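As structure tokens, the structure follows; a few thoughts come after it.
Chain naming follows the written order as A, B and C, and within any one chain the residues start at number 1.
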């Protein structure tokens, strides 16, 4: 049994990294504007379908991999400006409902264009196969995923903590009025913030479809665990999202091996435990969202 | 004014991150007195009120009400014990009428709020009489059926005071009752506050910036500065206090004393 | 007789005549049955959202518990219709008793996300417990016999049954929201802090509201299972909860009759549109988006506001999540 644990732990880390990056995207959007983006999964799926469409037309994987999230971000910006902006300042329930409606539309649109079946999405030859590292064989594609996601985390951290714009973003989360009074264009900030969250989702989406397959609901299967990650890690804490994500990724993965029947619910059990012992989450700030 | 302390705070402290909003505050409020809390903005007065009333719990220190320790008692239970409170912005039910606003507290006191069955006719009549009584005390009877959102700021504050009386408190905490009021409205509210003490025999603890009001109403004053108690005493003592003058009062007040 | 009463009587009369009108207006009796039962589930969401101010995105779990509770009792205990319904409601209530202690300390979006999460737990349990629930494929619900077993279980009979249950439910709902308890819920929605500062433990009220909501949802689930003769785990998914909320908001949250209007639009609209295109979900989603942006009070809410009788509905208000962190939390964290 234990020799299976190794690969499962690795898989758990890969899964956890996914949860973390989706959770961070959700967190960014939530923290700044209080928008609960139930369509986050739809944007992930959108990026996946865009990549698929581009590859089907002959573009190479790497180009599609970079272009798809960017196109998804452009669409997201339009959505933010037209549909989500009117809801700023209102009770977050409205954004939850609106984005829920959007996710319904998106799912059906994907269905119309690409059908309900899971489409085959094979990573390029350069990324297939396994690599022997020490005592285990690692699937190259999963190593690639880990590499990309770690890079994304690092880039995000650099952006937020070492650039002026990142500073403005963090300051705005603390006190939007002050930032506006200091002359920052807050509307633009919100849009860029939303775009940033979707960029992370788009990257995750393109990576995920190589792993999970591509159908209208691929993104949604990562959405609820991502919310659980945010809750466990603590609203308002990006670091918490990473730890939380890894925690539930590992839990899910190990459960799949040892107690398959509980593999889906384990994350909710963990969430209930965390909420009982420490209601604000592992690294959360008190008072955010009650 | 009897000597028993109705409300006592001992070394109450509340920190937010690195900020000592409230640091080692000890105050005693005698039963039946009107006690004012003054101090510059950000001095910790509202934080202190929040700790007293259970809006949050202090990080250090204790609060006693009528001899009972209530430091970590849930806020709703403090109300049952006989405390009540108003807020800087009137905390009322914006979509209801004045009558309904006051009725909830009356019903709560009568123990009839957590009921599926509507009250009997006699009970209902008694509740209505009580609502009328409260509205009469703050002089809002003519607005009884009006939506409270239509009222002026001052009238809303009076409605809030009526609501805080509906639970038959012994101590009323008023957080900046004059905030945002026009001159004419201020007189009305002063009269009501005085009535709380003189006619109803309640203990009143209030935060206020308007020094004329404070010196006119209060029997005792506590001065806050940067989260700590700077001075405490009668109005004349406070006005004469050098440290207070330097930190806060200023020349114009001395002319009034 | 007041205008409101006239409308109500007219609505009930129309509903009572539906089986007669069906061939002419091309709305089948089963669709309206489904709509009436859906309304009961939407009412459960309405109690929490429109009256207490909490977003209930886990009610599909109570719906599903009601359905499975009912189905399993028929399958293994061979009970008749009323007992089966009661089994369903009890199952839903038990589920609520497990979940409510966690939910009751949360407000706003935390409440919403938690309710989704717990709903998902029940969903996955139903999915995995294949021996008991039939798993992904669902389970067939045999038709129970009615009190008088001479009745055959025709569509029309079931329709009048659903109508009767609906009328009883809406009467009970109205009694609840107009009771002192219900009025306190409304006050909680508007200003929970003040409710507590009037000496009331708001958490107690929220707890009971969750239980009542679960009972309504369970009732709806049990009857729906018997109507469709089938129940599957997807009925517990949070998208189903979202649909209940959708119907409530469309029709008018915070009003007694809003959920009926929303449910009729949902069911009948889906039926009509799906004859034109299989992609009715796009229209539903678009309608929902338009509703949230344009008329958040819903159809009935907007009408009542115009008429001047302002309903106890959700007016877009300033986000108040900066409100007290200490209203309900226990301060252990």
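Going forward, contacts are C-beta pairs under 8 Å (C-beta built on N, C-alpha and C of every residue); 3 or more make two chains touch, one makes a residue touch a chain.
Since the structure is predicted, the reported quantities are computational estimates derived from the model, not experimental observations.
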| item | value |
| --- | --- |
| Chain whose average C-alpha position is farthest from chain A's own | B |
| Leader among chain pairs (count of C-beta contacts) | A-C |
| Chain centre separation in whole Å, for chain B relative to chain A (CA means) | 48 |
| Chain B and chain C, separation of their C-alpha mean positions in angstrom | 42 |
| Whole-Å gap between the CA centroids of chain A and chain C | 31 |
| Where chain C touches two or more other chains, by residue | 325, 327 |
| Multi-partner residues of chain B (each touching 2 or more other chains) | none |
| Contact footprint of chain B on chain C as seen in their complex | 175-176, 178-181, 183-184, 186-187, 190-191, 193-202, 204-205, 310, 312, 315, 324-327, 331 |
| Residues of chain A touching chain C in the complex | 34, 36, 83, 86-87, 89-94, 96-98, 100-109, 111-112, 224, 227-228, 231, 235, 261, 264-265, 268-269, 271-272, 275-276, 278-280, 286-290 |
| Footprint of chain A on chain C - complex, ascending | 49, 55, 57, 102, 105-110, 112-114, 116-118, 120-121, 124-125, 127-128, 238-239, 242, 245-246, 249, 279, 281-282, 284-286, 288-289, 292-293, 296, 314, 316-321, 323, 325, 327-330, 332-333 |
| Complex contact set, residues of chain B against chain C | 53-57, 72, 74-77, 79-80, 84-85, 91-96, 100, 104-105, 107-109, 112-119, 147, 163-164, 166-167 |
